[in-house]
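The same chain A turns up in both complexes below, where it pairs with chain B and then with chain C.
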Partner chain A sequence: MDFLSLSIIIVYIFLSLSLLISLIRVIIGPTLPDRVVALDLIAFVVISMIATYAISSGHPVYLDVAIVLALVAFLGTIAFARYVILRAGKLREDGHA
Partner chain B sequence: MKSLILHTATRLMIGILILFSLFLFFRGHDEPGGGFIGGLVGAGAFTLYAIAFGTDLTRKVLRVDPITLIALGLASLVVSGVIPLITADPFLTGKWLFLEWGNSDIKLSTPLLFDIGVYLCVVGFIVTVIFSLEEEN
Partner chain C sequence: MLEIIAGILLITGGFFVLVAAVGILRLPDILMRMHASTKAGTLGAGLILLAVAFLYAEIGIISRALATIAFILMTAPVAAHAIGRAAYHHGITFWKGTIVDDLKDYYEKTRQTRRGSEKVSEED
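== the complex of A and B ==
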């Protein structure tokens, strides 16, 4: 086994671990912003996994998938952030009313 | 949404997103890509702009109503289907036109016209949905 395939296996193991840890944060995350940040992290771990797969399979076409996901993944996070801001404003109104 | 970081990042990102959507679109015939995925990425650019700056400014940037984009796309699909009828071929047959210009040859075809139609339909549809969701609030 050469160095590249060994390091690819190690990278897969660590990325899977961080995926699992972020998933636990999504499930137990005490507040909504914690869950949003964890979902964002999951998106970027998935991007790294696709990039690693592009190296290990030798098809550079998969890198385009990673680029599209990187360009689009933060859109979901921004939409969640908007929702969090709207909810915070509504909670504040209810508290004072 | 009022945020300096989001506004600055949007101005940088929208160009990259539209450039990448055009890249995906033009690569589409023989390699992964094409009208649909290019249209999705292009619609993502306008979605980002609508979230950052509001729908009024996005309509101004888009210049045409998104429903007009859907209509233009459908018209382009019909034209790409009708062109081969002129030479008595079946509807939607792929017709190619090879032009030589200097050292490069340009390949024009009805599949390209069809893909432009798909691109415009996807952009128009998604931007319409996003606008109506945004204006609901």
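== the complex of A and C ==
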């Protein structure tokens, strides 16, 4: 086994651990912005995983998937941020905050 | 030689992504968690994409990987800023050691004037 395939295995282990750990943060919260931040990190981890898979599978076409996922994750995060701001304003107007 | 460089870049990037995940679990406050995930996560993903560029030494792959890195470097701070602002509006509880809150006066002022300009004029 050469150095590259060994490092690919190590990176897969690291990224899987990161995915699990961020998933714990998504589950325990405690507020909605915490979960959004954790989902943003999960998008980064999945981008890294796709890039690693582009190496390990020998098909560099998967890099396009990483670009598209980065775009979608950015739009999703921005949409979540706007939603959180709107919801906070509505709650404050109703007098719940 | 290129394979060794790519392997080192891969392991370093994976390590930084793991550091970001540990930070997002362990740090006490959403703003600190955001700082961990944005900076370390961006560095980790960028290093792994750089490893792809090193390994496939073709012009199409290199430009695609560099474009993804540039896109991540541009969008990650914007997204982090948006979430941080949203979290501040949401009313998060800061870590007990936080001593500086520069936004407090500004947002209190705008919130009052936005809530009802009539109220402000009555008090005047």
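We adopt the following convention: the second predicted complex is superposed on the first by the 95 of 97 C-alpha atoms of A that agree within 3 Å, B and C clash if a C-alpha of one lies under 4 Å from a C-alpha of the other, contacts with A are read in each partner's own complex, and residues count from 1 in each chain.
Quick note on the criterion: a contact is a pair of C-beta atoms (placed from the backbone, for glycine too) under 8 Å apart; a residue touches a chain by one contact, two chains touch by 3 or more.
Because the structure is predicted, anything quoted here is derived from the model rather than measured.
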| item | value |
| --- | --- |
| Contact breadth on chain A, by residue count: chain C or chain B | C |
| First, second, both or neither for A:64, with chain B first and chain C second | both |
| Partner chain(s) touched by A:34 [first = chain B, second = chain C, both, neither] | second |
| Partner chain(s) touched by A:72 [first = chain B, second = chain C, both, neither] | first |
| First, second, both or neither for A:14, with chain B first and chain C second | second |
| On chain A, positions contacted by chain B and by chain C | 64, 67, 71, 78, 81-82, 85 |
| Residues of chain B that touch chain A when the two form their complex | 1, 6, 13, 16-17, 20, 24, 31-33, 37, 41, 44, 47-48, 51-52, 137 |
| Complex contact set, residues of chain A against chain C | 2-4, 6-8, 10-11, 14-15, 17-19, 21-22, 24-25, 31-34, 36-38, 40-41, 44-45, 47-48, 51-52, 54-55, 60, 63-64, 66-67, 70-71, 74, 77-78, 80-82, 84-85, 87-89, 92-93, 97 |
| Residue ranges of chain C in contact with chain A within the complex | 3-4, 6-8, 10-11, 13-15, 17-18, 20-22, 24-25, 30, 33-34, 37-38, 41-42, 44-45, 48-49, 51-52, 55-56, 58, 61, 64-65, 67-68, 71-72, 75-76, 78-80, 82-83, 85-87, 89-92, 111, 115 |
| Contacting residues of chain A [partner chain B, same complex] | 61, 64, 67-68, 71-72, 75, 78-79, 81-82, 85-86 |
